[in-house]
Structures are given as C-alpha cells and as structure tokens.
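Shared between the two complexes below is chain A, which has chain B as its partner in the first and chain C in the second.
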Partner chain A sequence: MKSEGIRKYLKAIIVAGVIVLVCIILGILKPGRDEVLSRTSPEMQKMIDADANSSRKRVTVTYNDMLVISYASLSTSGAKVMSERYVGFLGKVYPADEGAMKIVGQMVNYTYRMLGCGENLMHGAKLTILLTTLTVIFGILLGTILALGKISKHKVLRHLSGMYIFFFRGTPLLIQLFVVYFTVPGICGFAWRDLFPASDAEAVYKGAFTAALIAFALNSGAYCAEIVRSAIQSIDKGQFEASKALGMNYAQTMTRIIIPQSVRRMIPNVSNEFIMILKDASLVFAISLMDITTISKNIMTSEGSYLVFIPALVIYLVITAFFGIIFNKIEKKFSVYE
Partner chain B sequence: MKKRIAAVLCAAGMAMSLAACGGTAEAPAAPVENNGGSDKADSAEESKSSIDISGATLLSDGVLSVGCEVGYPPFEDFADDGTTPIGYDIDIITAVADKLGLEVNIINTAWDGIFAGIGVNYDVTCSAVTITPERQETMLFSTPYINNYQAVVLLADDDRTVSSFNDLDGLSIALQKETTSDILMSDYKSTGTIDVQIVANEKVTSCFTQLQNGEVDAVVVDSTVADGYINSSDAFKIVYRDESEPEQFGIAMGKDNTGLQTAINQALKELEEEGYIQDTYDYWFGSAAE
Partner chain C sequence: MSDNYEYILRTEHVSKHFGTLEVLKDISLSVKKGEVICIIGPSGAGKSTFLRSLNQLEKISSGKIFIRDELFLHRENDHTVDKLPKEKQQELLLEMGMVFQRFNLFPHKTVLQNVCEAPIIVRKEKKEAVEERAKELLARVGLSDKANEYPSRLSGGQQQRVAIARALAMNPEIMLFDEPTSALDPELVGDVLTVMKELAESGMTMLCVTHEMGFAREVADRVLFMADGIIAEEGTPEEIFTNPKAERTKSFLNAVLEA
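For the complex of A and B:
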C-alpha cells in the first residue's frame, strides 16, 4: 500500500527534481547584478555619477532577478530621455533594446512586476493569493455560523442570518468595498492606516488591505452561508433521527455527524467561490491596491504594450491550477464516508 | 456668456443656410469658395464659419465626438443632474466645435486607454491631456489651451512646510494613476530621490477623500484641479506649486488627422483673440489662480 503511494508520485517527484536542478544550474550561471550593470554606456554612467550628489536624481535603475534570468534597465527622465535594457541569461549579458531580446526583457519585467517580487505582501500576485486565501477561510467560518443560524429553530437568529445574507448578496462587492474603506471611517472618524504604527511606511497599504479583507470576508460569508446550508440540508434526514436515537444532542449531531459529511459536498462549490474571489480581487484597484489585473492594466496604459496580458493570463492559470489540485486533494480526503 | 450665445447663434445660422441650399448643385462648392476667398482681413465678416474643415477626418459628418474622462473637476464633471457634462474642457471644446460648425458629442470614457479610443470611438480627446514628447509620437496635439503646474495639497490644519517635492520624503501621498503627477512622483521614487509611499487611484476625487479621511498625508495633483478644490472647500490648502516645470494641456487627435489639427488650432486662435479662453478660465478657476 505504502510503496504503491510512492510509486504513484515517483514520476512527479522526478520531474519536479529535474526542473529544480535545471533552475539551480541556470541560476548559478546567470550573470549577477554588477555584471549586468557593468555594461552601462559611458553617457549613462556619467548621468549616474552626476546623480550621486544631486537632490533631484534622474536615473532609474531597475534590476529584476527571476531565478534563471535577469533583466536590468536604466532610464532617465526629463527632456532628453535615454534608456538601456539588458537581459542576463546563461552567463551572458544581452542588450535588450530591440528585437526578440526586447520582448524577452519585457516579459521578464512584466512578470516580475505582476508577481510583486521585491515588494511586500500587499502587491501583485502575492496580494491576490493572500487576499483570496484569507477571504475564503474567514468566509467559510462566517458562512458556517450564518448557515447554522439560518437553519436554526430560533426565529430571531433565522431572520438575522437571512437579512445578513440578503444584504451582502444583494449589493455589489465594489460598493461594499467603498463603504468599508471610505464611508465607515469617514462617519466614525478613524483612518485605516492608524491601525498600524505611524513609523510603518507601508501602513497606508496595510490599512487598505485590512479594509479590503473585511469587505471581502463579509461578502464571501454570505455566499458561503448558502453553500454550507445547502450542503447540510442535503444530508439525509435519517442521519438526524439516528443521532437522536443514539442520545446525541444538537451540537454533537452537527459537529460529529452532519458537518463532516457535508464538507465533501461543499468542496466543489467552495472551489468555485475561491476562483470567483481570485478574480474579484482585482476590485482592490478602487482602494489603491495593486493586484495582477491592476498592474497589467497600468503597464498597458503607460507603455502601450498589449503583450503584458499574456503573462497575466499565465499567472492566473498557474494560481488556479495550484489551488485546483489542493481542492481536489481535500475532496478526496473527505470522500471516505461515501 | 454673451459670446457663447453668439457662437451658438452663428453656428445655428450656418447650419440653416447649409440646409437651405442643400438641394442645389452648388451647395458643396459654396463653403470651399468662401474659404478660398477669405483671408485675415475679411475673416471677421465671415465670422465663425470661416474655418475650413474639409481636410479633417471625422467619424460622423457634422459631429465632433470628444472622448472625455468625466470626473475631473473643474475640467470636466457631471452637473447636479448627473448626466450633463460641464467644465472648462467642455466649454472650450464646445466653443471650438461651434467655430468649426460642428455639433459636440461628449463620450464619457475611462482614463485607462483613453488614447486608444481616438479615431475609433471619438475624434478627439479633450480631457486635461498634458502634451508630452512621448504622447506626441503617437498622436497630434492642438496648440495648448491652458498652462498647468504640479501642486501639493495638504489638509488646511496641517502645519508642514513643503517648498519642493523633496520635502515629501517619508510621507504617503495620493495621486491619480497614470497622470503626470504619477509619472513625476514615481520618477522621484524610482530614482531614489525621495522615499515616498505612492497611493495611486483611479479617480482624482478618491485622492481628496483619502486626504480628508487621513489615509494619506498629501495629494499631488494638477494645480488647476487643486485650485478648483480649494475654491469649493476650506478643508484643503495648496502648499507648493512647481512652477519650474509647467505643463500645457492640448486637444489630442489621431496621428494622421492634420486637417482637423489645423482647423482646431485656428478655432483656438480665434477664441484666444476674442478673450473667450481667458473669460472661461476666470469663470472656472477664479481669479486666485495665475
């Protein structure tokens, strides 16, 4: 039994190992930052030297390190615009100002920016994944409470849960986000970024992220409530009766008998909800956070490059595929009852 | 105001006269003949219908469609009824179209991709567009119709002193995405001149809400927009205006639409001479602004 399990994964392990090994080799052979930037033209170097003592610097040095390949660019602002781009790969530095290398350089740069590399967790793909995962977790917890409320015998609880679900499913997420971020602090007289120490330069993004997480979780809770409720109610009535016959009370019946069985039936719908949130996460553009979609749109407007959407699609697909596998595993694990 | 009514009347008169002789064979030739014969001396007599628009490419005859990101007061915003666009840009482009004998069709569009729509969804963009060398590579601009500076806005009770953008070091600032303010401040940040947290918003109005709510310390914005906000609210103050790098706003149109460019420039020149541009400026920005 055990050896069979290992054999099943052996192929995957070998493939992954080979990929990792190739990446490590390519990573070691990749030229470093200094080597790439040493190719700088004399004029550009002069500008960089002039900047050192200036209060208004003109040269932007970008260096994107992406495991196996690196991209560097130097560009100046002002009336006379100069720019130089390089791609470092397999021990060589290639100029990337035109032709195929330019596209390679752009792809590396765009992917780097959309993944949010070199930034904190509130940027790019990291923001999308973090927000989505936390939203689903809080959403399910809140949804379970709401679902139990909605099927409870208490009239008040039932109505409260019903009203909550009606409100959050009946209004658009974008407006809920605006209300949480702009209206609530405006009326109550606090600022989201004050939740974090004033010395924290990133406080403004963290504040916005907190607001986004609250809005998303409240919204997702309403959808998850219906998912959980339908899963619980799909369990055969006989199970309740059998539990009662065994002398179990309501709490025991729910936690030991009903909910474990309903989890499997929830998974496909939760997986759906997860993917919906993953894409809805782009709504955070409205409160000045930058997720994958927002970054790709920005690159499109500022550089006019339509190529940016290709890495964006790939990043989304990789994330969805990864979480799809995880949901499959969870579903299999909970299928033992059926 | 009077001048605007006059322009409308003249445009209406011209439209009627064209309609009147629409049935005759000479009709298409008539305006061309007029233009050929008209020079500076008798252009006053010819009045508003003197500008030749035969070389201009328009998406639909007799209509100048204008792409505009409505929501950028006082350049363009919706009136209280929520559907009528009003503002400085709207007045200017309407007067220009009147000069050209065209009707104006304002098309509200998102700032993202506003330039991609030129020649596809609308003929021109008149939406507080700064003339930059990069943009001039892909589109044509009219002569500038307003000067603008980058300005720093703080809350009225904030006692920070800002005498250059370098004083924003360590602060969180809000600005509108992909605008000149964004390009400028991103440049200050990416070159390492100052360390600043940039909060980029879709709409400039969000920036001022964030400032008022205390989410950010300052707003960097076009001085013209800042003037409009200061006029209408005591909550904010302008503490710095970067007069070293003035920007000019122009009407943008398709790269190959030189005919339209010439016609619009001519119209702007006449409006300038008539004092219409100055009057409109005073009306929207008050006399406080230079």
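For the complex of A and C:
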C-alpha cells in the first residue's frame, strides 16, 4: 500500500525535490548580509565603520533576504546624503542603482514586502491567505447551517435562511465590511482593538482582522449556503429513502449519508468561492489592514513605482495555483468510490 | 417483545391519493408470521405505493395499519387519528427491512460498511459483533470476496444482494421487496431470486412486489393481484396462475405469460 502511494506521487516528489535542491544550492551560494555590505562604496564603508563605534547611527540599511536572492539598500542621513543598492545572487554582488539590476532589485524588494517577510501574520500574503482560509472554513460551516435551514420542513427556518442569503448576496461586501468595522462598534460602544490587550502593539491590526473575518465569513456563508444546498439536493432521493427504511433519523441521515456524498460535489464550487474570497480580501485596504493590495498601493504612492503591481499579480496567481492544486487533490480523494 | 400476536402485519381499508388521483382504494390485508406474499399486477396499479406505505415512506390518506396486532397508525381524510408514540413506532418500523428496485446502496461506503452502518448507528451495536454478522450475511448472499469493494465496482445483481444483506443486518421480522429484479440485466436476475428463495425457505415473512411470475408461483404462499388501486384477486399461486377468476387477472396473466 505504502509503496504504491509513493509511486503515485513519484513524479511530483522528484519535481519538488529538484526545486528544493536548486533553492538550497542557490541559497548557499547567495552572498550573505555582511558580504553584500562589504561591497559598498569606500565612502559608505567609512560611514558604516563610523556607525559601528558611535551611538548615533547615520546609515539606514534595509536588507531583504529572499532565500535565493538578496537585496540591500543603504542610505545615509546628515550633511552628505548617499544611497546605494545591491543585489546578491549566486555568489556575486551586483550594484542595483540603474539598468536591469535596478528593476531586479526593486522586484525583490517589493515581493519581499508584499509577502510580509520578516513581519508577523498580520502582513502581506500571510494576512491574505489566513483571512481567505479562515473565511472559507467558517463560511462553509455557516453555509451548511443555512442550507439545512433553507431545505428544512419548518417554514420559519426556511424564511430566516432565505432572508439571510438575500441580504448578504444583495449588498456589497465592502459596505458589509464597513458596517461590521464601524457601525457595529459605534452602536454597541466598543472598539475592535479593545478585544486585545493594550500592551499588544498589533492590537489595532488584530482588531481590524477580527472585524474583517466576521464580515467575510457572514458574507461567504450566504454564498456557501447555495453551494451546499444545491449539492445536497443533487443527491438521489433513494439515499434518503434507504436511510429512512434502515431506521436512521434526519440528523443521522444527513451527517452519515447525505453530507459526505455532497462534499465531493461541493468542491469545485468551494474552490471557486475560495478564489473569489482571495481576491475580495483586497477590500481590507479600506480598514487599513496591510494585505498584498494595500502594500502594493502604498509602495506606488510613496515611491512612485508603477512596476510594483506586476509582482502583486504574480503573487496572487501563485497563491491561486497552489490552492487550485490542493482542491484538485481533495476532489480526487473524495472521488475514490466512483 | 411479545410473540403473542395473530398477524404480524395487517392493514384495514388503506387508501391513498396523490391530489385527485386515487392510487390505493380500501386495501385490507393480513399477513401471518412466515408467510411469503407476492404482489403482481400491471404498472400503476399501486403495488409499490402500498409497500412503501407500510414502512411509512408514503403517508396513507386513510385506513389503519397494525403491526403485531398493535394499532400502528390510523388516519382518516389525510389526518392522523391515532398512532403509537413515536419511539414505539420507530422500534416497530425497524422490524421491516426494505429492498428497493434501484438498490440505493450508499456509494461512499464499502460493501461491508453499507451492511454495518445501520446496526451500529441506529441499534447502537458493537462494531466487532456487527462486522462478524455482516460477513456471515455477505457469505449467505455469496459476496464474501466483495466486502471491501465500493458498490460502483459491483454488478447490479451483486448490488441488490448487498442491499438484501444490508436490510437483513437489522434483523427484521418482515422483508419488503419493491420490484427487486426490475432494474437488473436478465442474466443477473437469477442470483437475486436464489437469495430471496433461500430467505423464504428460512421462514422469513416476505412481501414482494414482483414481475417474476415464475418466482411468485414457486415461492409464494399467497399471491395478490392488484389493479387500479385495489386487490382484484387473491389466492394461492395455484389458484391465481392456473385458474384465475377475475377478467382483469386473466388478461394480465395472458399478456405476461405469453411474452
């Protein structure tokens, strides 16, 4: 059994192994921070040496380490303003103040920042992925409850679910986000950041993230409800009858027979919903969360680099492709009985 | 549970309508323990509906259903007049196993899991004990080697035999068969009928809606001929097949047996 499983994934394992190996080699060959800094101009060297013995720092060093490639930007304050940039790759350090290397350096720097490297979970791609994944999980749970309500025998439940779905599909997600973030605490008299200890420097971000997650999950629940409902209703009526004839009650029939069969039929639509949320997650720029989109917009505004959106698009595509593969695998796993 | 009853299953004046269409008209039937009853008749006669009414897959419009001489359900004009408490009803319903025309196996579970599911979930029996019994049942229907296959890998006849084992796993006292061989390729019918024959010989009470006249003739203690929602004629296989009295039975049998 085990060797069969390994053989099935052999191709994927080899490809992944080669990629990892290449990355490790490139990573080892990549010049480190000290090596890059040692290649700066003589003037800059003097300043760095001076800083080392002084409490007053005049050189600002930004060092971005992206596994296989590194980027360093040095600038000085004071009487004489200097700025230098370098790219470290494959054992060599390249000046990146002009030409193609300048663009390469910028791309490394932007990607580094948009991925949220060196920052906590509340930054960049990590924030986007975390928000999207949690939204889909809560969305499906909520959607399942709403779907069961919508197909329930009780009129009240049916109408409640119907109204919920109507409301959340019929209004813009951005305004729902504003309502959760501004209106609800406004009426109830609290602030989202107060949910976290005041000593926490990230309390504002975490509060905003909580609000965003609630708004997104409530919204996604409405869409997932329709996904779950149509999947459940696509199951053959004979399955309900067989369950009933065997003495199973409604809850047993749903949890043991109907929903497990529905899951496989939901996956393509859930995958779709996931990608929609991934892109909708960029709306959090409106409540000042630092996701990929917000960071790219900030870089554009503060540094005037219109090229920043290209790595932004690439990052989104890579995330979409990665989760696309995962959903495909899940679907295959659930199709084993067909 | 008491074994002191005259009829294991009895209906009185059962009627059922879908809208204005009357499907069952005043059907009264008494079944003794161990009896094998085959219900034959043209399509649309209400045979399946009657069978499905017995285990509550359809709600009758009026009439009484008794199980073990206890009034299980009494309805008049689409309203329930009297019935057993829900738990007691549920308990008695478990005494009826059902086999469907289209098998209705659970496709996401293996053959063994299909058979074990209800005893474990509904009767709360120990998994090991159920699995042992399930394997015996699968051996009985000749499918020991298929225990770990998914239903989609089985032929129709094999699926139907699994469905029979699944129903038997609940240890029912009555088995209801709703055209169990109608969806099968002709060469697969025999295996299923053999299993049903063995079941009848073992003393199981059976109600079979069927188009297999040979089977009805050979196995049934009593044959009901249904047409247009009523039991048009009733008797031993001998009486029905060799000496039918009602015109409707004669023309039906002529049409079927000629083919």
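Simple rule for what comes next: the second predicted complex is superposed on the first by the 301 of 338 C-alpha atoms of A that agree within 3 Å, B and C clash if a C-alpha of one lies under 4 Å from a C-alpha of the other, contacts with A are read in each partner's own complex, and residues count from 1 in each chain.
We take it that contacts are C-beta pairs under 8 Å (C-beta built on N, C-alpha and C of every residue); 3 or more make two chains touch, one makes a residue touch a chain.
None of the values given here were measured: they were computed from a predicted structure.
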Touched partner set for A:V81, first chain B, second chain C, both or neither: first
Chain B versus chain C as contact partner of A:Y205, first or second or both or neither: first
First, second, both or neither for A:N269, with chain B first and chain C second: neither
Between chain B and chain C, more extensive residue contact with chain A: B
First (chain B), second (chain C), both or neither touched by A:L246: second
Partner chain(s) touched by A:G238 [first = chain B, second = chain C, both, neither]: second
Which superposed partner A:A191 touches (first chain B, second chain C, both, neither): first
Contacts of A:S305 with chain B and chain C, given as first, second, both or neither: neither
First (chain B), second (chain C), both or neither touched by A:S230: neither
Touched partner set for A:I257, first chain B, second chain C, both or neither: second
Contact residues of chain A, present in both the chain B and the chain C interface: none
Chain C - residues contacting chain A, complex: 55-57, 90, 93-94, 96-98, 100, 102-109, 117-118, 121-123, 150-152, 166-167, 170
Chain A residues touching chain B - in the complex, by the definition given at the top: 51, 55-60, 62, 77, 79, 81, 182, 185-186, 191-194, 201-205, 207-208, 285-286, 288, 290, 297-298, 300-302, 304
Footprint of chain C on chain A - complex, ascending: 236, 238-239, 241-242, 244-248, 252, 256-257, 260-261, 336-338
Residues of chain B defined as touching chain A within the complex: 111-113, 133-134, 138, 166, 170, 172, 174, 177-178, 183, 187-188, 190-193, 195, 197, 199-202, 206, 209-210, 212-216
